[in-house]
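Two complexes come next, and they have one chain in common, chain A, joined by chain B in the first and chain C in the second.
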Partner chain A sequence: MHIPDGFLDFKTVSGTNLFSFLTLIYSIKRILKKLTPERVPLLGIFCALIFLIQAISFPVPYGTSVHLSGIFLISLILGPFSSFFLSFFTLLISAIILGHGGILTIGANSFNLSFIGGIFCFYLYKFLEKILQKIKYFLIFFVSFLSIVLGSIFCTFFLSISGKILFSKAILPMLFSHIVGGIVEGIFTCSIIKFFEKVKPEILKIEKI
Partner chain B sequence: MHIDLLLSLIIFSHGVDFEFFENAKGIRFFYEDGTPLSFAEYKIYSPRNEIFSEGELDKLGRVLFLPCEPGKWKIEVDDGMGHGIIKEFEIKDIQNIIFLKTSYPLYLKILTGLGIIFGFTGIVFYIIGRKYAHT
Partner chain C sequence: MKHHFIDRFSYKKGFLQNLSPSLKFLILILLLILFLLLPKKILFYLPFIFIILILIFLSKIPLKYFLKRILIIFPFLVIIFLLSILSNKNFQNFLYSILKSILSISYIFLFSLTTKMDEFFKTFEDKKYGKLIFLIFSFLYRYFFILYDEFERIKRAMISKGKNPNFKEYTILSGNIFIRSYERSERILKAMISKGWKIEK
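Let's look at the complex of A and B:
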């Protein structure tokens, strides 16, 4: 889902960058309003966690590789806008240091990963949580899974409207590889939340920004 | 050249890396008058008779490939206009292949990224801490 530079056309790059930069500015404003010295190290540690797990890819069938995202997990712990900001920052560093994704395509990549995983999935989870309170872990698993699969659908969509691939041809291999990634992501998110509930439950009670 | 390679790394997607190799086997195809078979289609078969490589020759009618086992290899070339050739050839030695790694190892890149993140966190922590100390 890290689209490299040169893979998207001008209209897609400008549209996604505009959307992502406006969301970034709003996120920074929201974070700065309530930023305390105690919250800063947490932001740093979770930013490092996203960077680390996104840097390590694992092979899946169809001859490709996927990686975990961890963005929905961070939004559950720190909140949707903190998650968006950290993910955007991580994408920038990944593009410069690791060569994962591009600089100009950061808008599209942050839409696929940060907006879908961090903001959309957080509010979707909050909505579903009100209706289905009894199956909390299944919901976390399902929304984590969805954050990866939806991101991959949008990634295919952006590439197809830029004329790089045919949506109808590319969507199946893309979905197949990311369904595997989504299942692993779901298990990972549930495990970390369960771990924090047992070992350090107060971390889950931090104000969600 | 090293700077070019470093910059070109940035355009790649996740999990895609590369290394140059030397000692590849090269074959050039040309018509009897010396004109190269530019962009003609080719298929290379391994000694097990499986397709090992396929694609188009370059502008000068050449193809480079790196055999993975010794034995009798076969190449088919077809220019799409009724001209072509099927040629068998023997590969005896595949030992002297040199790979030239061009990028830093992943762990070094990850450490650099983590260093930047924690450094940036430290700066923000210092600024916010000072602001809170004054208020």
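Let's look at the complex of A and C:
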């Protein structure tokens, strides 16, 4: 969930923004170091793609719909730091133009979504993949699910240290509301990766930065 | 093609439209920090509500449209409101948070409605790392609508062939969009290089 402006206090806003901006600068440095001409339009068009995925409502059984984040998927295709950079950027644009999230809360939101989904989950997946190679697709599902659920836990955490809600009381409803989204995200990521392997395997061979 | 054009009011001739985008953004950030630190007394908030009404009038934005845009924040407010009720926190405290949130989003919308987004991102161009940001933004701005159209076209084709757009079909659709985007990026690269574009280190 995107936290709007006005709900986080000064210490949370400054702490999370400092962390996110440092990660952003490091990510840009990493991207620029290995930037090839092929990568520039790829980054640009995948940025538009993240925006598109987040704009589409996926139909879910029982008549509801969810929207996906796709950040872990992008990190599997382009690499963790590119994924962080692109999703930070889409968060900024959606905060300014669409009003989803906020400008000062971009630090917290990008930690919940971009850092957890893009960087943390990517390295977690790489670590687990080495040990459990046989259940690769289940791992993709699981880590993708985890990226959404962990994001919701941190969202509750940031809101609770700002004194708006109590962590112990709010965590269960927050988790329940994100479990469906997490499962959908997991199935989506897993089936898209399978689809790529069948139809266009070179998309998975792009250098991961 | 049916798009909600994001910057249609930025071409009108109004007070905020004439200010430079970077100055407006700086003032916006300062205002947002100020809202964060405002004490919990209604008197401090009234001037800002008054100022925004004047600015909306001076920038020739229809008030009804503006209020409609602000409604987008309410689902988030309802979720946090429910969580706050569960936590038995101070209700008055929460109301001030809502007020801060609505004020912040109003000023953000005022900025985004009166600014040409390409001009705003152009200000980053001469900054450190700004070139990459400007480049990515230009891609996003150009190709989002193209990709959206492509998505709509594939969906229409699927429905007309008798496929019910359920979750499985949507994943295949998204996979197709990914592959088409990847192929499109290869074509764009060729077009860029043939027009003399080079990477600047």
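Observations
Keep in mind that, in the parts below, the second predicted complex is superposed on the first by the 198 of 209 C-alpha atoms of A that agree within 3 Å, B and C clash if a C-alpha of one lies under 4 Å from a C-alpha of the other, contacts with A are read in each partner's own complex, and residues count from 1 in each chain.
One rule holds in what follows: a contact is a pair of C-beta atoms (placed from the backbone, for glycine too) under 8 Å apart; a residue touches a chain by one contact, two chains touch by 3 or more.
The model shown is predicted, which means the values in this text are computed figures rather than measured ones.
Once the two complexes are overlaid through chain A, chain B and chain C clash, as defined at the top of the document. In the superposed pair of complexes, A:I135 makes contact with neither chain B nor chain C. When both complexes are overlaid on chain A, the residue A:I31 reaches chain C alone and has no touch with chain B. In the overlay built on the shared chain, the residue A:L22 is in contact with neither chain B nor chain C. When the two structures are aligned on the shared chain, A:S191 is found in touch with chain C, with no touch to chain B.
Legend: residue contacts after superposition of the two complexes on their common chain; A:H67 is shown touching chain B, with no touch to chain C. Applying the stated contact rule after C-alpha superposition, one finds that A:S94 touches chain B and leaves chain C untouched. Considering which of chain B and chain C touches more of chain A, the answer is C.
In the superposed model, A:L204 lies in contact with neither chain B nor chain C. Between chain C and chain B, the overlap after aligning on chain A sits in one stretch of 41-49, 77-85, 113-121 or 131-139, namely 131-139.
Shared contact residues of chain A with chain B and chain C: 2-6, 35-37, 40-41, 43-45, 47-48, 51-52, 55, 89-90, 93, 95-100, 102-103. Per the touch definition, chain C reaches chain A in the complex via residues 6, 28-29, 32-33, 35-37, 69-70, 72-73, 76-77, 79-80, 82-84, 86-89, 93-94, 97-105, 108-109, 111-112, 117, 129, 132-133, 135-140, 142-144, 146-148, 151, 165-168, 170-172, 174-175, 177-179, 181-182, 184-186, 188-189, 192-193, 197-199.
Those residues of chain A that touch chain C in the shared complex are 1-7, 9-10, 13, 25, 28, 31-32, 35-38, 40-49, 51-53, 55-56, 58-61, 77, 86, 89-90, 93, 95-100, 102-104, 156, 159, 163-166, 169-170, 173-174, 177, 184, 187-188, 191-192, 195-196, 199-200, 203. Considering their complex, residues 2-6, 35-37, 40-41, 43-45, 47-48, 51-52, 54-55, 57, 65, 67, 89-90, 93-103 of chain A touch chain B.
Chain B makes touch with chain A in their complex at residues 9-15, 103, 106, 109-110, 112-114, 116-118, 120-122, 124-125, 128-129, 132.
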